[in-house]
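Structure provided below as structure tokens; questions to follow.
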């Protein structure tokens, strides 16, 4: 039996731990051969491959990144991309392909299986945690740790200088990192894409925080936007607020808060820091168990399937179902957390 | 409405975060008054109390330990203990008591409610993660992080000196910390109380590891014991193995491995380090959500109830059920992890 | 004896540890009374003061920020500012004033002593490490730790995506954080204000790194500037390079590298993260020893003096001398480190 | 030119960073060839060698341990050991040997140079910081960070349970780790080998701490001993104190404190945790600069020399002088720190 492995999409902690678990179990217990495809779907299309054996995965458990490289290439956007993947895998006599990726990468896997019969098994990773069908995605816990450590660090500056500190975290479509790190870091305002925010309300929280204690920390997901549609859509908006730029909501928010409250405000954009570093023990555990179960899916011939976390169990779900829609923050959860605002 | 809060049992990260969440929501949303009982059930029996208000919980979210103090006092082992608690709470006009503790502390809460009608709500905490009815107990994630960081650190010494390094972690009755930190830390042998171990097998793994790569890390829960009953029970055991002491299994194991394999072995006992420090972001999140839901139980008059994690939801379960039995490591999970041994 | 204490300038880890050491020794060994002046020179001018006793400094050793608040107010830029400070201190019968600050804050102390006879003792703090007369300033070690941890974290993303990662660290006038964190983090290019850089050389290093191994990390101090004066000074510069903005050199550099090498580049700006957090053990040690020696200066009537680190000793130097010029990175040190570029 | 490199003695963070700097500069700037001798002096005696090139040192900067392995073998205790080393090096045409080690390993280097003309250059490493002639030894900063983090962690348990917590750190002959981590961690008692302690005084500090605040943290170097010689030397000591065991002073101290003060006491032995892990940014900086200067010593033919830190400069000193005596904690420094006891 010959098994292919690839990692696709943006960087995320824990990818190497998945690869290691797949290879360790596949070689030791089932005697499989492994081939790594380089740089995600790009390597699958261009037949850029490396052998993967026990030796190649030694010592990679705690290392961030991916020894296989990654890309955001979509074979369905390239003429004959899917066909070339199918042919390349056939030429290498690969019986199963384990795809470690986010919604985009796994969406390709779902189509390759459904439309071309490429035997894929999926492992869900994204620091954004916005994939349906799994309680947690791989990489989320580490990203929350990084963001929370940054917020912890900023409290002392807020306190010493009586400044508003805005922290922009990742979350284009879902506010999971914002809400988890904001809650854990004791933020005074948390803004997420699911709930367009009211600038006046934000400023009221900021002002009330200054009265009650010291300077506020505002955590904002990079996909959060104000309620007022004019601010977002029109670049010639009248009044004293600027339109919200497509990127840089944190910087924009700090300027608006300054204008409206008269308090100094500063922004910190965490950016790529959230994608790197050694995976947290939770993510190493999750990655390892995902890997162990993914190779069992291959052994069972259970393709078109993604491994997922439910409670403390690893289960199997159809990839197509898991990638069909986003998992967003429930309004009730956001309301629950709102007790700490202001 | 007047609400009491106490923390009982051994130290555990996240207790303060629970207290803060309870008080923030109880005061801000429901207008309740709070009383902290000092040092667990001891303060409840001896009416040692402090007022708890918003000011008292400011800044405690990231702090380990408990501002209320703790003890392992069992009122049912003291003449009239339960009655005195009931009287003290009545004298203070306390309408609900939130009890943050492990199986022992919550076992008392279950009996006080069942036998004396003391209106208790439970919050499950223990770094050991061995409480039934909740996917995770509070404090476990932080303890696993501490243990994993220690194992990461010991790898380099094992590698540089070709020595066996035995790491003794907590886990008297259940091997959760051992199995999670051992897996995340890339340990080569993991020994847990649920699965009495075979010394010859342990030595075989140690020897095989030396052949394949470098020196092995052996993670052992402090409640793990060898299969051979003679070693455990009889202090006059014949043969060349010493009986296992009630404490110090790590040290014992290192000596036995040295004797049998001829390799140098060293032990590190993590001990109290696993109980302290700032709670991890996960534990701060869990603590906060447990606290928010516990105060809602009080508001609903839902006593005899414990909050618990199921998947990503906080649910309510009878305290009596949650404390009736231990949650131990499933043999299938231990087997799954066994692929990394040796 | 009555002693005043103030903290001025930007936030910096270890300020609280200095305050604690001063008060612990001053009260316990010398029986002095202490007064904290709030928000740096602002509180001294406006007589905004708080009592400081053993109780007030309990538990603050590991906390970042400053319990006294800070500001960048310069009394010499305010009509009668210096005179008001002198009068306020006299009215409070303060016999000595310990000033914890950077070059600006201590420059004021030097003038107040020289021109007005205000009995000042200085403690040098700044994460930038650019103060003359001391081997290290307080806060530098912690800032280097924060920056290095960030660089460590970005390596995996650089590796997985074959992207140039530019990290902008603090250092308006001196490249100490850049050179220390860049060296410790294994950066492939380090750019500092003391050495205007050649964009073509930077691009050559970037390109050579891609050939030799994986994607490069470029660490740039926020005060670093290119050699080509046109780029810096003229906003209507011809050619294909943009002028360098006064802030945002990291972002500018990433864009220029992309244009010239054809490789993707991303920027991370560490910003305030470098100022916050718990002080490192080294900074706690330095802060404590600085505080213990500063109070001895007061006891000895040794005013106009700053405590400083020389090797492993704490010595006394004239504040005026210490603030007269910047400590910058020696060209020989930069050259020494250059072996790792490319 | 052919250069040998070996690492000897106990494990210590930063060894790999030294090796990398030596090889990078030696190959890139001077075009030298490198040979690594395995397991310290053992490999030199037995001619166990590996080639060292740029590729071999890639990625090792942040890794603890040593890629060359280590041992505590002393060639002068083996018949013909020194002669064999000389012959092996000659056979390999090695023109200079860089020896990275502590007092024992470098003591051998000093003799090999003085008595046999083996061209050695030394780099001082030991977490204990007890080598004369250098302000800091490599590894010390990391060990202090580890010990301080452990003490930080134990505070919350001390506070929650009103227990004495004894932390045993390394320091057989000198109390550097104890005094630095104890000061940085806010310990209430610090005991070091240089200053035999008075058990009654220790108990008085413990008792006074309980009165003033909460439970005390006692940091004890593993080489610290009580003043009372009887306790140390005689195993049949009369009275109510047990003799001090050669190892385990922390455990012994906890029992004595319990007996004398009636307070519960617990011990944590940090042990090997202090030797492992990624080197701190300071140690990576020091290691790198030591390595860069060591290869320059070889280039200059400056043998019998050790690189050392003086202030912020790297200087050269005779190895023989550096290893002739221990650097211990100055009684005045211990007294300075004593203000925080109790």
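Before moving on, here are some points about what is shown:
By written order: A, B, C and D. Residues from 1 in each chain.
Everything that follows uses one rule, which is that a residue touches a chain if its C-beta (ideal position, glycine included) is under 8 Å from a C-beta of that chain, and two chains touch if they have at least 3 such contacts.
Going by UniProt, the chains are A, B, C, D = Pyrophosphate--fructose 6-phosphate 1-phosphotransferase.
Nothing here was measured: the structure is a model prediction, and the numbers come from that model.
Looking at the partners of subunit B and subunit C together, the chains they share are A, D. Placing every chain at the mean of its C-alpha atoms, the farthest one from subunit A is found to be D. Averaged C-alpha coordinates put the centre of subunit A at 34 Å from the centre of subunit C.
Chain geometry summary: the mean Cα position of subunit A and that of subunit D are 42 Å apart. Centre-to-centre separation between subunit C and subunit D, using Cα means, comes to 30 Å. The set of subunit B residues that touch two or more partner chains comprises 152. Checking each pair of chains for touch leaves A-B, A-C, B-D, C-D.
The touching residues of subunit A, when paired with subunit B in their complex, are 24-25, 28-29, 58, 61-62, 135-136, 141, 144-145, 148, 152, 180-181, 183-186, 213, 278, 280-282, 284-285, 288-289, 292, 310-312, 336, 339-340.
The part of subunit B that touches subunit D in the complex is made up of residues 7, 10-11, 13, 15, 63-66, 69-71, 146, 150, 152-157, 159-162, 165, 266-269, 271-273, 275-277.
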